[in-house]
Amino acid sequence: MVRPLCSAAIRSRTPKDPVRKVVPITDGIVLGGDGFVVFAGPCAVETREQLFASADAVAAAGAGILRGGAYKPRTSHRSFQGLGPEGLSLLSEASARTGLPVVTEVMDPRDVDRVAESSAILQIGSRNMQNFALLREVGRRGLPVLLKRGAAATLDELVAAAGYIQAEGNDRVILCERGIRGFDPTTRYVLDLAAVPVLRERTDLPIIVDPSHGTGRSVLVGPMAKAAAAAGADGLMIEVHANPEQALCDGMQALRPQEFAQLMSELRRLVPLLGRRMLRPQSVSESKHLGTADEFIAP
Amino acid sequence: MVRPLCSAAIRSRTPKDPVRKVVPITDGIVLGGDGFVVFAGPCAVETREQLFASADAVAAAGAGILRGGAYKPRTSHRSFQGLGPEGLSLLSEASARTGLPVVTEVMDPRDVDRVAESSAILQIGSRNMQNFALLREVGRRGLPVLLKRGAAATLDELVAAAGYIQAEGNDRVILCERGIRGFDPTTRYVLDLAAVPVLRERTDLPIIVDPSHGTGRSVLVGPMAKAAAAAGADGLMIEVHANPEQALCDGMQALRPQEFAQLMSELRRLVPLLGRRMLRPQSVSESKHLGTADEFIAP
Amino acid sequence: MVRPLCSAAIRSRTPKDPVRKVVPITDGIVLGGDGFVVFAGPCAVETREQLFASADAVAAAGAGILRGGAYKPRTSHRSFQGLGPEGLSLLSEASARTGLPVVTEVMDPRDVDRVAESSAILQIGSRNMQNFALLREVGRRGLPVLLKRGAAATLDELVAAAGYIQAEGNDRVILCERGIRGFDPTTRYVLDLAAVPVLRERTDLPIIVDPSHGTGRSVLVGPMAKAAAAAGADGLMIEVHANPEQALCDGMQALRPQEFAQLMSELRRLVPLLGRRMLRPQSVSESKHLGTADEFIAP
Amino acid sequence: MVRPLCSAAIRSRTPKDPVRKVVPITDGIVLGGDGFVVFAGPCAVETREQLFASADAVAAAGAGILRGGAYKPRTSHRSFQGLGPEGLSLLSEASARTGLPVVTEVMDPRDVDRVAESSAILQIGSRNMQNFALLREVGRRGLPVLLKRGAAATLDELVAAAGYIQAEGNDRVILCERGIRGFDPTTRYVLDLAAVPVLRERTDLPIIVDPSHGTGRSVLVGPMAKAAAAAGADGLMIEVHANPEQALCDGMQALRPQEFAQLMSELRRLVPLLGRRMLRPQSVSESKHLGTADEFIAP
C-alpha cells in the first residue's frame, strides 16, 4: 500500500497559555484571572425609567458591570442616534443607584473626555475597531477599554488594533468577540467562539463574548452565553430590556429581566465548574437590599 | 425628543422546542433525548495497528461510537484516498473488539450496501450534503444517517437535505455542524455553534458537533467541544490518533489518546450539569476489562 | 524619517499565461484559444414547447451551445426535480432542430452513460464539485466536462477537482465560475470574476462564467456577462426562458429571448475588441434559415 | 407530470436606471453622466521624488485625478503611517505640477479642514465607512467625498453611510467598490463587481471601482479594471508606483508606469464602446507638453 504523508505540516501542539493579564476595573471587579464578569443592560439609554428598570434588574440578578449606549452607531442617520450627554448623565445616576460601574461606547475622538467622566470602561464598537484616531485617543485617556472585533476583522487584526491602544501606554484592554459576517440569514452574525481559545494563545488580554449582537435573537442568547463560558471566556456582554417590544434599538436580541435572571442562575452553576468565580462589585455584594448577595462569591 | 421606533419587527420570542426525536442506534445508544454521545476515532483507517490503538483508547475513555474513514473525500486525487473495502473490514474488527458501533462515510451510491455491512450509522460528508442521489440511496437503505452540514450550506439547506433522506421513509437522521467557510485563516473553518439552538427550533432531529474539522487544530478541540455541549448539542464527533504526526490525513486536528481522555473527564463533569447523561453501549458499560465503566450511567 | 519596508513580500509580477489548452467540442466549436462561446438555454427542460421556444431563440441570437437541465439538483425534495430521461430526449430533439450541441447536468454516477447519449458536454454542478465518485465516472466516459465551482470552493480546490477528471485520462475539462457564498442578500451569490485571471495563471483549462446563477437576478446578467468577457473569460453560460414568470426553476434570473438577443448584440461588438471571435457551430453559421449568420465570424 | 410552481416570486424585471447624479469636481472633470474617470497614483506619499515620478506617469498616461495617501490606515501601529501634513504639501505640489486634482484620505474628524486644503475630493477609507462622526464632518465641509465600501458592508449599508454625508447637505458623494472579505486566500479581497449595477438601481450616485485593493495583486488589476468598466462603472482607482518593490505600502498591488500606460491604452479603446468618454482636466488636455492630449476627448 502506498502511504503518502499528509501534506499538512504538524504544527506545535502544545497549547500556549501565557500568564494572563488581569485588568482591574474598580471595587473588586477584575477582568482576566479566574473571575467571570457579566456586563449587562440595555442596548441604548432611552429614558430614565427604561434605564433604571434594566439597571436594577441586572444588578439584582448579579451582573458585574452596567452597559448602555448614549452614542449609538446606527446604520441609518434616520434611526435613533442615542441621547448623547443626557444619556451619559443617566448612566452616572444608574451607576450610583446600583453600585455597578458603567461601560459605554465612544464614537468620536472629541468625545473621549466627556464619555470618560461617566464611564469606568470606554467601549470601542465593532464599526470603529480600525478607527485608529479613536483608538489612539482612548489609549491616551488611560481608562480600561473594551474593544469589539469588527465584523470582517481577523483575530490578528483585532490584536493589532489593541496594539494601537497599548502603544499609547494603556495596557488595560479587554477584547470582545461579537460575531462576524456570514452567509446564513438565520442569525445576525456568526458568533465565532473559537476566537476565545485562539486569542488566549495570541495575547494575554482578557476576552469576553457578546452573544446578543452575535446572534441577534433573544432565544439564542442563553445557549451561546453558556457556550462562551465553556469555551473559556472571561465574561459576557448581554443586552437586557424591560420591554423589548418597545426598544428603540435591537429589541429582538434583548433578554427580558426574568430571562436574564434565569440565565444568571444557570451561569452560577456552570462557571464554578469551569474553575472560575462570578464577580460583582464588592460594595454591591456586601449590601443587603438586593437580597441575593449570598449566592455570589465575593471577590 | 423624537423617538423613532426600531425598524426591526419583534418576532416571536418564545423558544420553540418541539418534542425531540430520539434516534436509537444499538445496544442502548440513543441520539437525542437526554443522552449525550461522543463519536471518536481516527480520521482515516490506515492500518490495523493504527485503528486498534485509537479504537481501544476511545473505548477506554468512554466514547459511545467509533468513527473512522475507509473512503476518504480528499481535495486532491494524489492524497491518500482511504483503504476502501479493507478499511471496512478493519472497522468491523475494531467494533467487535471494543463493543462500539461504527460510523463511517459513504461517498458513492453504489457503495451503500457494502458500507452498511460494516457500519451502524452511514455518514454523509459535508462535500456530499447536497449529493441528492446519495441522500436518496442512504434513505432507502434504512440505517441511521449522520448528515454533515456543507461548508457553505445554510441551516435551512441542511434541514432540506435531511428531507431527501426522510422522504425515502428513513427518519433516523442525525445532523452535524462541522464548520463553515470563513475569512480568517486562523481556523480551518468557523464552527457555527448557534446552529445547535437554531436547529432545535427548526427540526426535531438530534444535532451533534464536530470540533475537530470545525477548528482544524487540536488545541482548539477541547474548548469548542465543551462549548458545543453547553450550547445544547446531543453529542460530539472527535478525531483521535495515537500518533498524529504520522497521520495520513488531518493529523493537525487529532487529539492524542491522553488528550482525549482528559477531555472526556471534563465532559463527564460538565454534561450532567446540563441535564444530560453520557451514553455508551450497554455491553461495554457492563464489561469489566475497561475498568472505568462505573463512571458512566448505563442507559 | 523612519522608512520601514512593507512587510508583504513582492511576488513575481509577470503574469504567467501558459499555452492555453483548447477543448474542441464539435462542428467547429472550440473552448479556449481565441474563441468565445455562449452557452444558453433554459434552467430546466419543462416541456417540448418551452424547450423549443428557448432553444430556437438562443440559436437565432447566436449561442454556440444549448444548455438545459433534465436532472435538477434542488434544495428541497418537494421542488421540481427535472424530467429525467424524457428531458434528455427533448434535448436531443432540440439539438437536432437547432444544430446546437447540448450541455446538461449529470448528478449520479449511474446516469453518466445515459446522459452522455444526449449531450456533447457533461455538466457537473456546483453542489457536486467534490463528488469524487461522479468526477471519476465522467472522467472515464471521455466526453468534455463542464465543471462548476462549488459555492464555498477555493480556486485551488476547483483545479484539484478537475484533477480527478484528468487523472482518468480526460483532459477536456472546462471550468466555470458561478458565484460564491457571500453575506449580502442583494445577490444570490457573489460572482468572483477575479477567478478568471487567477485560473489563467494556475491552469491551462478554458474558463467560462455563469452570470445567471452568479447574480440570481435577470437585470444583473447583462452587465456581469460583459464584465466576464472583459476579464478574459472564454465564454458564458446564460439562462434564457421564453416566459420567466412561469419557469419551474430560477425564473428570476432568466433572460427573455429579446433581452438575450440584445445582450448578444452587445457582445458581438465587445468580444472582437478583446481579441476574440464569437463561435457557433459551423453548420448553423452556414445555414440560411436563421438569417443572422453573416453577423458571425465562422470558425 | 406534477408541475409545482417555482417558489421564488418573480420580482420586477425592469432595470431601474434613475437619472444619474453628476458630481462635478473641477476643470471639466465630472463623475457620473457619460464620463469615465481614472484616479491613479501611489498608495502612499513617501517622498517628493516617489510622488512626482508616479504623478507624472499617471498624468502622461491620461489619468483624471491623482490619488495618494498622506494619512494611512494601517493594521499595525508599527507600519508606516503616512507623512501627514508633509504628505499633504507634496500632494499640492504634485497637483500644481501635473494639473490633476487630488483625492486623499482623511481619517480623523479633526483633520478634515487641513486635508481639504490640499484635496479636491476627500476620501473615506473602507475601515471608516461607518465612522459616523467622520462622515458628518466631511458632509459639513462640502467638498466631494469618495466613500469606499467596508469589507463587510452590504450595499444597503454603503448607501446608508452615504446618507450621513448627504444629510449634512452635501450631495457630492462618489461610491467605491473595493472588495469584500472572502474565504479564498488567492486574492486579498473579493471584488464584487455586481455592486456596480446593483448600486445603479438603488442610488443615483456615481460608482467607481478599485481593482488594486480589490485583488491585491498587480497582475489581476488590468483584467478587473476592464471588467469594472464593462459592468458600468463611472471610473477606476488604480495604484501606480514607479518602483513597487520599494513601496512602503501595498507594493504587490501597484502597477508600474508602463503597465498603467498599457492599461490606459486598452481602456481608451474599450470605454467608447461602452458609450462613455474618458475625462481628464481640460487644462491638461489643452496643454502641449504631455504630448498625448489628442488621444483624449476633451470634456
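Per-chain numbering from 1; labels A, B, C and D assigned in written order.
What we mean here is this: a residue touches a chain if its C-beta (ideal position, glycine included) is under 8 Å from a C-beta of that chain, and two chains touch if they have at least 3 such contacts.
As the structure is a prediction and not an experimental result, all values here were calculated from the model.
J.: Kindly list the shared contact partners of chain B and chain D, in label order.
T.: Correct list: A, C.
J.: Tell me which chain's centre, taken as the mean of its C-alpha atoms, is farthest from chain D.
T.: Centre of mass proxy via C-alpha means gives B as farthest from chain D.
J.: With chain centres taken as the means of their Cα atoms, state the distance from chain A to chain D in Å.
T.: Whole-Å distance between the two chain centres: 37.
J.: Using mean C-alpha positions as chain centres, tell me how far chain A is from chain B in Å, no decimals.
T.: Taking the average C-alpha coordinate of chain A and of chain B, the gap between them is 32 Å.
J.: Where in chain A do residues touch two or more of the other chains?
T.: Chain A, residues with two or more chain partners: 78, 152, 156, 180-183, 185.
J.: Show me the residue ranges of chain B that touch chain D in the complex, using the header's touch definition.
T.: Residues 181-183, 185 of chain B touch chain D in their complex.
J.: Quick check on the complex: what are the chain B residues that touch chain A?
T.: Listed in rising order, the residues are 1, 3-11, 13-15, 46, 78-80, 83, 152, 154-156, 180, 182-187, 190-194, 196-198, 201, 214-215, 217-220, 223-224, 226-232, 244-245, 247-252, 269-270, 273.
J.: Chain D touches which residues of chain A in the complex?
T.: That would be residues 73-78, 107-111, 127-128, 130-134, 150-152, 156-157, 160-161, 163-164, 167, 180-181 of chain A.
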